[in-house]
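In what follows, chain A forms one complex with chain B and a second complex with chain C.
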Partner chain A sequence: MSREKSWKEISPAGVCSKPSTAFLTGDWKTFTPVRDLEKCTTCLLCVIYCPDGAIRFRSEAGKIEFDYRFCKGCGICAKECPTKAITMKLEKGE
Partner chain B sequence: MTTQEWKFTAKEIAEKPDQFLSGHRACAGCVPATVLKLVMKATRGPTIVTEATGCMEVVSSIYPYTSWSVPWIHTAFETAAANAAGIDAALKALKRKGQLKEHVDIIAFAGDGGTYDIGFQALSGAVERGHDFLFVLYDNEGYMNTGIQRSGGTPIGAATTTSPAGKVVPGKLQHKKPITDIMVAHGIEYVATASPYYWKDLLTKVRKGLEVEGPAFLHVLAPCPRGWRSEPADSIYYSKLAVETCVFPLWEAINGQYQLSTPSKLIALAPQKKKPVTEYLNGQGRYRHLFKPQGKAILDEIQRWTDDRWAKLLKKCVEEQKT
Partner chain C sequence: MAGKIKQLRMGLNGDEAVAYAVKQSDVDVVAAYPITPQTIIVEKFSEYVADGEVNTEFVCTESEHSAITACIAASATGARTFTASASAGLALMHEMLFVASGCRVPIVMAIANRALSAPLNIHGDHSDSMAQRDSGWIQIFVENSQEAYDSVIQAFRIAENTNVLLPVIVGLDGFTLSHTLENVDTLPDESVKQFVGRRQFTTVTTHEGKTVPFKLDPANPMTIGPIALPNYYFEFKRQQEEAMKNALEVIQKVHDEYAKLSSRSYGNGLIEEYFLEDAEVAVVCLGSTAGTLKTVVDGLRQEGIKVGLLRLRVFRPFPAEAIRNALKNAKMVVVMDKCMSFGGNGGAVFHEVRSAMYDVNSRPLIVNYIYGLGGRDTPPKEFRKILEDMHRMLHAGRVDKLVHYIGLRE
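Let's turn to the complex of A and B:
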């Protein structure tokens, strides 16, 4: 934000009006989780433990999807995966 | 209180849409965020959330973004419980006037600063008045949001910026305040401790707390990699070790009747499974100084205190079984 907003532009009582899903936190990460589809048993523990809700379960397809737009690369999913199907790979800078 | 047991399966939880949304600005590996996400998965209907100032309030409501898809109110550090009491009174008034038919649950979130220290009198008062709400304490053992200061919830020996470890002082000198026992002493219907590693246990306890008509208190251990100076990936693992070493045993007290929850009950039945506290402390940077020769006395003290509290807890649970 470069310029100060006047009170007319701010929502009444400073109520937060936009969902935080519009704010992408994925560029914070250094390491990226990569899933080995052969080892994965879809136990869903990574979905449960992810602090950022960046791992989603698509029930109609029965698949787990990683949402790298929000993943902060903490590595909890790789650490807690019972079959060690997730590995943390260093992101290559461009 | 109903005796009905809920079955939370991983699939059901994974399918339920998040009520604590992605895009919040908690640090990488923040377990309090996992705790909030999981607690909101156990709601049973319309829910109003109120939150004291703290890490989770700051990261989830940076203007103009909000991470909450439920009605959510933030006020000052002291007032999570007072706010919940106000919401409860307002809902009762609306029901009396016939403007509200359905039941609305109230959850108050606060960190250890907002519960142990600053928010305590509001909590004690609201509980004494018997308002219908669930108070969830996510305990990351310090004021992490403002720069890792000590709180009433910081355990002995932990180095924080206001209890730094040096040649003279070995970190914090006082023990952690037994907040859950204090809440049991208030005579409320449901008090429990939970750990996010045992997520099913956590969700069941949240639901039990919501079902209670009157105040309920839930104490959740939430490792903070930034403040504990540990690896972000290990934070869930520490919430498991804390239970296995009996530093943070899991139990619930229904109408003052103590009973151990399954993960801790297994350790009570097979005492050889109880791990030494050093396994939990090792790897956390805040305890690093204890692993030098001069820190031995504090390590022994932590082990003694943990064993002592575990023995007392077992005694309470056994006494309840006899009666």
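Let's turn to the complex of A and C:
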């Protein structure tokens, strides 16, 4: 834990001192997206729609992966998935 | 007055004087939307662009909100940036004015001061600028077109000073100055270019841990002003207040340096005193009204009445200490406001001058006169009516009526 700084110690204009990846916004979520790989066609619409860039697709893995450190649980991916392969569950993801 | 440099005397109205100053100040980006009585500034500057006389990116936007937004973005990249507006246009910018000052982008904006609707009125008063007084912008009010020209040039130096980094409004009275032809002495292009110099940058530490110039640059990515939660927002606002305090000194320094170059000065750069030294009654005002009041003071002095004038050239940051010093010997202070603060028990200038004077041991009587709303002319004889009230209150030793109106039909 770093000490909170005084106004004399910080950069002006709210210039970010840390990258956005330093802020683990995943702990904001209530609902957690869960994938059903049987139904997933890897159309990747969820990857495009995710406002936080928290869904990844690596071709070597061949399937979508949620990054729960940053997923806020908004549910857009589940709403947009054409094959209903994503469902929102009321429990925290791993 | 012959300075060291040969100056060219031109016939310019206030708007043209502003446009000419911008032309000489090596400005990179102008984004603007026209509105009366500011239109001539943008019109004239677009001619300079079309004729290839300036090396400026000129952005025609679809509204004032877009104009100031484009300016914020341009200025954040390190570009020297200018815009101009008035009245409803400035009001439409309101939201983004706070973003500009919060992002610490040194934009210079000329405002041809005009009344606010409704009823619609295109003429001059200070309602537009006063409505933005807490937006974090430095505010300069000029007395004539010559000062409009001089102040715009100075404004770039003030705004871009790394101890300030705040946007600046240069306010000139709509029509009274914006559309009135005057003799304006102008410096040679090279002198102005040298005076404004290149934009200076402070350094910041980015999220990558690099210490770099404070500007957007793809080589050194940074994020400016995205969010600050309750644990940091307050600190950023405190920084802006410090910048305003620093501006008091910087404004005077830039003014003095420019005075040496041009042989023209305006008091100490913050306030201008006129026959104040032995004045029993001091009148305080902003802008072109000072010209009229100087004539009034001259006449009254000839009659042996000890009256003087204090013109506030700078309203933000509010030069409280300079005002206290200038007014501490007066028995009565008359504050002129060309703007209403509805329900506020007097105008904005009155509130602040009166507050500043609270700390003076022998406080003078202080009264407020609202005048000239919606461009109503206030000739010298109207101001003389103040004398009757003044004599009555001075004799009684107390203020019997705090807020008065001049030139209003009762």
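Please note the rule applied: the second predicted complex is superposed on the first by the 77 of 94 C-alpha atoms of A that agree within 3 Å, B and C clash if a C-alpha of one lies under 4 Å from a C-alpha of the other, contacts with A are read in each partner's own complex, and residues count from 1 in each chain.
Keep in mind that, in the parts below, contacts are C-beta pairs under 8 Å (C-beta built on N, C-alpha and C of every residue); 3 or more make two chains touch, one makes a residue touch a chain.
Small disclaimer: the values here were computed from a predicted structure and weren't measured.
By the touch criterion stated above, A:Leu24 is placed in contact with chain B alone, chain C being left untouched.
By the document's definition of touching, of the two partners only chain B reaches A:Ile48; chain C does not. Of the two partner chains, both chain B and chain C are touched by A:Gly14.
The interface of chain A with chain B overlaps its interface with chain C at residues 11, 14, 16-20, 22.
The touching residues of chain A, counted against chain C in their complex, run 4-7, 10-20, 22. In the complex of the two chains, the chain A residues touching chain B come out as 11, 14, 16-25, 28-29, 43-45, 47-54, 56-57, 59, 67, 70, 72-76, 78-80, 88.
Across the interface of their complex, chain A is touched by residues 102-104, 165, 202, 204-208, 214, 222-228, 231-232, 234-236, 238-239, 242 of chain C. Chain B meets chain A in the complex at residues 10-11, 13-15, 18, 20-31, 33-34, 37-38, 60-67, 69, 196, 199, 225, 231-237.
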